[in-house]
Structures are given as C-alpha cells and as structure tokens.
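Chain nomenclature is as follows: A, B, C, D and E, assigned in order of appearance, with residue numbering initiated at 1 for each chain independently.
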Amino acid sequence: MDVGENGGPVVELRSLSKSFTEKKTGRELEVLDHLDMEVRQGRFTCVVGPTGCGKTTLLRLIGGLEVPSSGEVRFEGRPVTGPGPQRGMVFQEYALFPWRTAVRNVTFGLSLKGIPHKEARALADEYLETVGLTGHEDLYPRELSGGMKQRVAIARTLAALPRILLMDEPFASLDAQTRNGMQEFLVDLWRRTGTSIVFVTHLVDEAVFMGQEIVGLSRRPARVVRTFENNLPYPRSRTGAEFTELRARILEYLAVEMSE
Amino acid sequence: MDVGENGGPVVELRSLSKSFTEKKTGRELEVLDHLDMEVRQGRFTCVVGPTGCGKTTLLRLIGGLEVPSSGEVRFEGRPVTGPGPQRGMVFQEYALFPWRTAVRNVTFGLSLKGIPHKEARALADEYLETVGLTGHEDLYPRELSGGMKQRVAIARTLAALPRILLMDEPFASLDAQTRNGMQEFLVDLWRRTGTSIVFVTHLVDEAVFMGQEIVGLSRRPARVVRTFENNLPYPRSRTGAEFTELRARILEYLAVEMSE
Amino acid sequence: MRKWKYISPLVALGLWQLLAMVGVLGRTPSPVDVAEGFYDLIVTGLPPGYYLQWHLLASLERVLVGFAFALVLAVPLGILMGWSRGFDTVMDPLVEVVRPVPPLAWLPLAVIWFGIGIFSAAFMIFLGAFFPILLNTITGVKSVDPHLVEAARTLGARRRAILLRVLTPGAMPSIITGVRIGIGIGWMTLVAAEMTGVKSGYGLGYLILTARDIARYDIVVAGMVVIGVVGFLMDRLVKYAEKRLLGWM
Amino acid sequence: MRKWKYISPLVALGLWQLLAMVGVLGRTPSPVDVAEGFYDLIVTGLPPGYYLQWHLLASLERVLVGFAFALVLAVPLGILMGWSRGFDTVMDPLVEVVRPVPPLAWLPLAVIWFGIGIFSAAFMIFLGAFFPILLNTITGVKSVDPHLVEAARTLGARRRAILLRVLTPGAMPSIITGVRIGIGIGWMTLVAAEMTGVKSGYGLGYLILTARDIARYDIVVAGMVVIGVVGFLMDRLVKYAEKRLLGWM
Amino acid sequence: TPGCGKKESTNVVKVGYLRSDLHQLAYYVAREKGFFTEEGLDVKEGGVFNAGPEEMSAFSAGELDMGYVGSAPAVTFAAQDMVDIQIVAQVNAAGSSIVVRSGLEAGDVSALKGRTVAVPGHSTVQDFLLRLALKEAVLEENEINIITLKPPETIAALGSGQVDAFVAWEPYPQIAVVQNAGWVLENSSEIWPHHPCCVLVVDRDFASRNPDTVRRFVAAHVKATQYINDNPLEAADMGHLFTGQDSDAVEAAMGNIEFVYKLNVEGLERYVEFLKEIGVVKVESAESFCDTLIDQQFLPREN
C-alpha cells in the first residue's frame, strides 16, 4: 500500500466545545474551546498535548462516548450520535474483558453481529495472527504481558471492521522497550491495512516516530496550536538527524505555546 | 559543595546471590548471581538495567528488606542484618501513610525516636521546606500530586537522617514534565546535602542526567555489565551533544549486552 | 505451619474438658458429655427414632430451597439496581428498611403466609440469604470498570448485551462473595426457620429446640457442633466452586 | 432524582393497603391496621403501660453493650490474626467452626452462663456482631500495602509501632465496614436475644413475641417497622461517622 | 450462705413466670391484690419468659428463687440435674383442650386418624394428653401425624388448614374458637381428670435457707388461688389484663382451668412415668424421684 495516498476528510470537528461541571465545586470546566480539526482518510494522525489538556475528551467525542456542549462531530459526513463499531476505540487501560480468553475477547464483537460461533472463532484466530499472537489464543488477560494485552485489544477492535481506529495513549503503561516494539508493530499494521488512525499521546517522540500528521494541542481549554506534516519515510529511525530535528522543533514550538 | 569529592565505599556487595522460590511452580529463580559492587561515599550512583533483571531486589538487599541467599552486603563496613533508619528507602509507589497529613508523614520517623511532638513538628516543617512543600503541610497524600507525594516521601526519609538514600524508580509513575522537574530537584537536593544516593531506574536518559556513576546490569540473573563514569558538570542539559553521545554510548553498549 | 491448623480446635476442646472436670463450668456439658449426646443422636435418635442424619438432611433441604429463591431473585434485581441509577434510587430505601428486620421477627407472618412446612422455613432462610447476595451484586455491577462498558459499546453492544455479557460476568466475583455470605447467613437462620414448625419432625434447629425443651444440653451442643461443622464445610465448598468458576482471576 | 427517593416505600405501602382492602392478604395486617397498632403502642402500651419508647430504649441498651464487647475483643484479635500468619493459621479453624452457629442456638447456653437480663441478651448480640468485625479487621490488616510496613521499618519502626501506627490505622476503613455490618447483624439478633427472658418487661423483640402470643399481628408488624427504621438509621449514623473518621480517604 | 449457719429469712424473692400464660393467673392476682405484700414479702420479677426451658435455665444460672412454670420443664430439668429445685405447690390442674379445625367433622378422637395434630412440644403434658386420648380411641401413634408447633403459630396453621387439630393450654383453645378457626373436641379433664399442669417451684438452696419466706409465698399463692375461685368474674377480667388476650376467650377458658394449690402427687408420678417410658428422663423410679422433687411442707395443713 502506498502510504502517501490520502482521501478526503473522514472525521470533521467543527467549532467543537465541551465543558464539564465539576462535581465538588459545581464549577464549569471548559475542556475544548471551539476546536476545528480534520482527519483525512487513511492517514496516521497523532495528537499531542500536555497532560489534562483534553486529548482524551477529544477522542471520546469522536468515538461518540461524550456529547459535545456545542459544535459538531462528523464522521464520514454524518453527525456522530453515539458509539458504533465503525469507529474502533483502543483504550490506554486495554479494557479487555478479564473473564474472556484472548480469542473470546476478539469474538465478542463478532458474536454481537450474529456471526455463528465457529466462524467467529476462525475469524478471531486470523486477527490474532495479524497481531502476532498465534499460540496465545486461550490465555486470560491476566496471563498476558502488557504488550500482548495491547495487541489483543487492537485485534478485538480490528475484528469489528472499524473504518477508523481511535487510540488513546494505548502504550502509556508499557515499559520503554515494549513500547518501542508496539510502535513499530502499529506502524507496520497500519501500512498493511490502510485504516485511518487517530493516535493520542503526550510524548512527542512517539508522535514523530509514527505520525504523518502531528496535531499539537494547547493547554486546557484545548485548541489546535499547529499541525505538523511528517513526511519521513517508514520505517523510521529514532536516532537519525531528521528525526531529532523534527522532534526538537515540535518540542520547542509547543514549549513556547505552553509558556504563554 | 564540591561534587567531585568522594569518600571510601559506603556500601559493599561481595559475591552477592539471591534466588526466590516461585510459589506456583516451586522452581528456583536466580535473580542475582555473584554480584560485586561498591557504592562510594557522597556519590550519586545510578543503576540501570532491563525490566525484571533484579534492580529492586538489589536495592532491597542493601536496605535490609531481603536476606541474601549467599554473599554479603556491608554498610559502612558492617554486615547488614535488617532495615534501619541509616539506610533510607524511597519507594516507587511513594508508600506514604494515607491517613497522615504530609507533615505527619514526616514526623512518623521522628516520633519513633522519641522526639517530642512540638519539636518533631518544627523539624518536619523544615524538611518540607527543603523539598519546597511549605504551605502544603496539612494536606493528605491523596490531595497531593504525584510529584508532591514523591517530595513528601523524600522529606520523610531525609528526616530520619539516613547516611545513604536508596531510591527505587521513584519517578516511574510521574508524567514526563513532572519527572524532569523531580530529577532537577533531586540533583539540587543532593548537591546541597551531600548524602550518598543509589538511584535505580530503567531509563538511561534519567541515569545520564543525574548520575556520576552509572552501573549497568545484565538481564536476569543480574551481573554488573559495566560501570560508566559521567563527569558532565551540573546542572546538565538534556539536549547537549555530550549528553546525547553518552546516552547513545550506554544504550548501544547495553543493547549489545542484552542481545547476547 | 499446616500441621498447626487443627491445634486450636483441639486445644479449645481440651481446655473445655479440663474446665468441665474442674467443675467451673457448672451445668455446661463437657466434650465427653457432648460425645455421648452424639452417640445417643446416632443410636437412639431424638425424639427416639429420629436420627441425626435425617435431621441434617431435612435442614439442608430447607436451606437449599430458601437459598435458591434468594439467588434467583437477588441476582437479577441486583444487576438492575447496579446498572440503573434511577432504579437504584427508587429501590434502595425499601431495601434498607426491610434489611435490618430480623428473620425471627418475620416468623408470625411467615406462618400466616406460607403455613408450616418447608416454605415458611425456606422463607426465613430466604430473608437471611437475599440481602447479602443483593448488596454484593449491586456493588459488583457498580465496580465493573466503566471502560469495559465503553469498550463493549464501541464494539457494537446494546443494553441487553451490556447487561448479560459485560455487567453480569464482570460482577461475578462479587456475586459469588455474596453467595458465600448469603448461604452462610441462610444457614445461620436455620434455628429461627425451624421455629415455624416442622411437619416431618426433622431438622437440626428443631432438634436443638427439642433438646432444650427436655434439658438435654449435651444434645443442644452436639446440634450446634453439627451446624458449625456443616456451615464450615458449605463455606469451603462455595470457596472451592469459586476458585473453579473464577479461573480467570 | 432525589425526590424519587421515597417513592418506593410509599408505593409499597399503597400497594400493600390496596391488597389488604381487596382482601387477598387474609390475616396480614394492612398499613392502616399497623398505624393503629402504633397508636396503641404509644398510647396504651403493650403490655398495657409498657410504651414503645421504653421498649426501644431497652433494646438499644442491650445491643450497645453486646456490640461494645464485640468491638473491644474483635479488633485486637483481628489485628493479631491479620498480622501473624502463625496466629491466623492456629485460630482460623476455631473461628470458622464457631462462626456459622446461629446465635439462637446459643440461647440455652447463654441463659445458663449469663442468667437473664442484659448480659445473656448482650451475649447473643455479641455473637452476631463479633465475627463480621473480626473478619473485616483481618482482611483490613492483610490488605495494608506491604510497602507501608516496609517504609515504616526503614524509618526505624519496630513491632509495636508497626501494629499500632501502621496496621491499625491502615486497616481502619475495613474495620469500620466491619463495625457497620457488625452493628447491623447485632441489631438483627435482637429478637433472638430477647428470647432469653427479660427482667424489665421491655424490649422490641420481647414486644414482638408478646404481640405474637396474643395474635396482635398489627403490633408485630409495627415492631418490625420500628426495628427496620432504627436499623436503617443506625447504619446511616455509622456511615456518617465513617465519613468523618476517614476524612483522609 | 449455709456455711454461716444463720437462718435469718430474707423477705426478697426473685420470681419468674411465663408471659401470657393464663394458667399462672394466681401470680398476677397475688401481686395485684397485694397478697405478697400482706405476707411481708418483697417480690421482685426476676424474669418474664417466653418458654419454660428458659425459666429453668435461669434457675440453673441462680437468677431465680421461685417460679411459676409448667410441670414438663420442671420435671425434665430436675431429672437431668440441670436445676436443683423443689415443687412446693400446684398452680393449676386440667386447662388444656383438643381443638379441631372448623369444617372438619369429628365425633371423637378416633376421627383424627390420618390427620395432622400439633402439640406444643415433644414430651409436654399436652403431648402426653394426646397420647392418652389416642390410646382411649384405640389409635396407634403412627396412625396420626404429630407435629410440634408453638400455640400462637398453631392457631394460624389451624385457620389455614395446615393442621387438623391441636392440643394446647388455655386460652389458646378458646382463642381458636373465638376466631372461628376451630372447635373444642375434648377438654383435657375428660382425658385425664384433674391432671397436673403448672406448678410452683423453689430453688432448693433458697428453700432450705428461707423456709419461712417460702411458706409465706405459698400462703399468698393459696390466697390468690382461692380468690380466683371465689371471684370468677373479676378473675376473668384480671386474666384478660394479665394475658392481653381477648376477654371472651379468657372468660371461656377460665371455665376449663382448675385453679388449685394442692399438689396432685399421683398425677405427677404418672407423668414422670410417661417421661421415663419415652426415654426423656432416666430415673430409677418415678415414685422416689417425685418424693425428692416434691415438698409439701410449705402448703397449709388440712384441717
């Protein structure tokens, strides 16, 4: 697949605002403030921003798990009204069903669609193969390492045939080695499947290693500070001069924005 | 204080081995294998190594929280037989008493020594000032941010007047920004107080930013692969060429060792 | 350490016998008396011809019926209450006021409603078992990681699937704890339950009450020992089932 | 949502009255009957001259005495059992066998041991309250983060300080849960406790039994309502105390 | 204490009785009419009990000096050595009935064949009465289903047809009648005339230290018993107050109870013999056991 190929916008956020009422104080907390953003078909988009700026909220709005206070979220041209299997979510905490084995986590979405047990199982086995987990199908989540859990979560989401993958700091609780491995794995997977991906992180390194587009958010209330294009060819090196240069540029830019 | 000033060895590990019996399988698990190491008076020593190699076990042996299977742990020339306030431990999980306010966490060790309440409180206030927490004395741990908790834990340990500080990945659960701040704070504190520090981490960056000596451990069973001297002057920059060069050198060296 | 496991009941028995022999226990039967009571229960029966094993079986039957009703009603209700905040708000005060009423206080009504025989006994046991199962189910459902529900929703699950495939299995550990407590308390309601009258003349609680009426304290204590040991064994059984059922934990 | 809070008891009451008026409840008193029973209890008393408030006070006194003993014994024992594996291994089987014995089964022995009056009633309530407090204390101590104990040791704490300054406060949330359950179950043991015979002629359990003897089911239910409501209030009280005591949580 | 050798009688008596038991009306009458006070006694209520066994346990615990109680618990607890008491006076004789549920035709006891009959407790006087009645009707015990149920529950069970008949002490039979739940098939005096029922007992140690007190207490009891017999209408009112039961039922029940203080020694022996037969008490001979258990010296001499 040609990584450079891009379609039209798959997700459009139009003047999107979201605020929460704090339970204790009753204060209004503005998290997103008239945010505009587009995600293009088939691209790997990374969203970076400081802790607590509203990255998770943004992703949940796209996923349909939150309702906007004002503005609009559109997916493939139609307004989002709730969660659905077209928009697959991968959570930081894996969110695997602990009482189901790896393969039965993957079949969860399949059997909801009414796919018969045997067929679902065969499909699930395929997806587990895709994420390199053949041989571990019958282990329970607690028997899997962090990286393996993350792969099962991805396989489970892929099996629902989403047209976009929304990932919320999925690698945050992995140790550095495993995390690097998962980044490489995800890039590889994306290049093979061609799904659109929105990947939220607070690590600029991670964004630069994976993303074609890197959307920098401001402190809360979040606005899009700037979108960086990253045309480095895949597979990327973490130590190359261009990598280091882009990383430093983004860090600096964000730092200036932050210190305002 | 002159950072270069070094005394004799304060901790000596001689042919230290430790193995655990796994509860489920009953197998013997070798964690440390005839490890030799010295920690010199007043130095900032960092220990790096891959996940699960035995870093925590090593630190717990020095702290007297584990008993060696064979070999010896000496502190100031005398064999270690159990924990004691001379060797202060700072745990990754903060280990603050959640039912005590910040200041009462610090007075815990003081009142054990029989120091009267008022005096202990005054001393604790001083230590909290040292770690920059004046004004937050009466907050409970759950009301403090991760970085603040870590500072209280350090103040609590310092108040017991330890002759060495043993720190086990204390910054691992902090986010990147806070973590950087804490690293700077710790270096600063160490330069002001001159205590010996053994700091365990699995991030080479962190070790290079802080340590005068960086002890690299192998995979389990852990041996000392090599000790790097780091004479970069304080305060160090994270982006300088020398920093990047040393970091890359250590990473490469460890990577080679690891891949064997 | 394992061999010390049975030391405390043995030491307790020895001490008890010693105190009885020294005479400080007065009319409390000694372990030897109780052993004789056991012998009588097994050989002669109380009332004569009514043997221990049938007393035990009759009680077990009552407890199981009462417990089964509690299980079948408390789990679905608990899942609904744990899931729907509105339903919980509405039902909670009722539950909280009925809960502290002692099963024994229901005795007069139980007899009016269910007559004598297994159903009124089972009703009292039901009352004992119902609330622990209900409360644990509610807690269990509430403690299911909300991310799991959200994950299920993004995978296309709707209400029915969320209830049956996410909340129910997610609450299972807590439900099983509730079952353990519930069956224990149901069993503890036994004596009260059998005060509703037994048609068959069998039942451990009935046995204890009869023995008390005729001042056979040795048999009273023997009956208590049987209740205690069986209660202990039931608890172990549920614990064992729990281990098998919750293999994934 | 808050205004729906009292809807379920009201709806339940309405339904109950309706069913009674239609006649399907047979001898079960209707809410109006129960209200009349309340009136009688407050104005005439049962037995005549023995008013509701004194019944309530007498019961509260018994429950508090039994509960206080349970608290004072269960907490230290639980802390020791939670802390020392050996002690736990030795004591556990004894606890586990005595625990399922119904308080009511102890009735005959309670009277021999403590005579009549407050102590034998309190003993039965003690039995109800003791085990939940004990088990929760053990669980609480065992669930104290071992890092806290290690941290305390590296700060120079020895056994005494570990027990009193680390394990006890660390187990406090669980202990308080035990106290809540314990006082609830103690209260639920009330009717059984007051079957030991009362000297004063007062007590809610005694009241219910008296009313049952003379087939005043309206008063039986009125007594149950009082027990239920007071039990509910006691629970709220402990919950409130818990919030204040565990401000750090 | 006996060791002191003093025989100075106390005026204080801790007494126990059963709640709502019409048989023990004499206690209430003696108290309300001031007969105890007239005898210079300070009677303290040591305990009000739900059932006889608890009252006997209270004697075991040394909490009571004297008590009104059924002969069943008195005899069984004494035979098991759980208490050391003496029976010093009768409280009542007769006063139980066999009641059959409404709608059930029954000419006599033999009609109970195949039916469910409730007794208040295994080996109670009522249990014995039922067995006697069965013997008379030439029925084997296994030809009916005897169950144990306390009288308050029994009436509810009778009303709902759960039991076909029951044997109980007054006023429960009359309450069943008043509530239209059943009708009296036979009064216990027809089964066993003047059979003993409730008795007045004293702690043996208390009696030996305070014989005069016991004598005065018995005197008050005798006075009260006579008062009941002399003033049946007022007594019925007091019975209503004492038990809280329906006054019509109490009035009807009073007619079936013989309030007597003279001990029916022979009757008690017969009852003990029965207990011995069914293995509830293990005594050498009923006669010698009753000899030691019963002490008539406190009763007024006949003249």
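What we mean here is this: a contact is a pair of C-beta atoms (placed from the backbone, for glycine too) under 8 Å apart; a residue touches a chain by one contact, two chains touch by 3 or more.
All of these numbers come straight from a predicted model, not from anything done at the bench.
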item	value
Least step count from subunit A to subunit D, where 1 means the two chains touch	2
Subunit C and subunit D, separation of their C-alpha mean positions in angstrom	17
Gap in Å, rounded to a whole number, between the CA centres of subunit E and subunit A	84
Distance from the mean Cα position of subunit E to that of subunit C, given in whole angstrom	37
Between subunit B and subunit C, centroid-to-centroid distance (C-alpha), Å	51
Subunit C, residues touching no fewer than two other chains	26-27, 107-108, 112, 212, 217
Contacts with two or more other chains, residues of subunit E listed in rising order	51, 53, 60, 82, 152, 156, 160
Pairs of chains satisfying the touch condition	A-B, A-C, B-D, C-D, C-E, D-E
List of subunit E residues in touch with subunit C within their complex	51-53, 56, 60, 72-73, 76-77, 79-82, 116, 118, 121-124, 145-150, 152-154, 156-157, 160, 162-163, 278-281
Residue numbers on subunit D that touch subunit C, as the complex places them	1-2, 4-9, 12, 26-28, 85-86, 89-94, 96-109, 112-113, 184, 187-192, 205, 208, 212, 217, 220-221, 223-225, 227-232, 234-235
Residue numbers on subunit C that touch subunit A, as the complex places them	145, 147-148, 150-157, 161, 165-166, 169-170, 172, 246-249
Subunit A to subunit C touching residues, read off their complex	63-65, 82-85, 87-89, 91, 93, 95, 97-101, 108-109, 112-113, 140-142, 156-157, 160
Subunit A residues within the subunit B interface of the complex	50-51, 175-177, 202-203, 239, 248
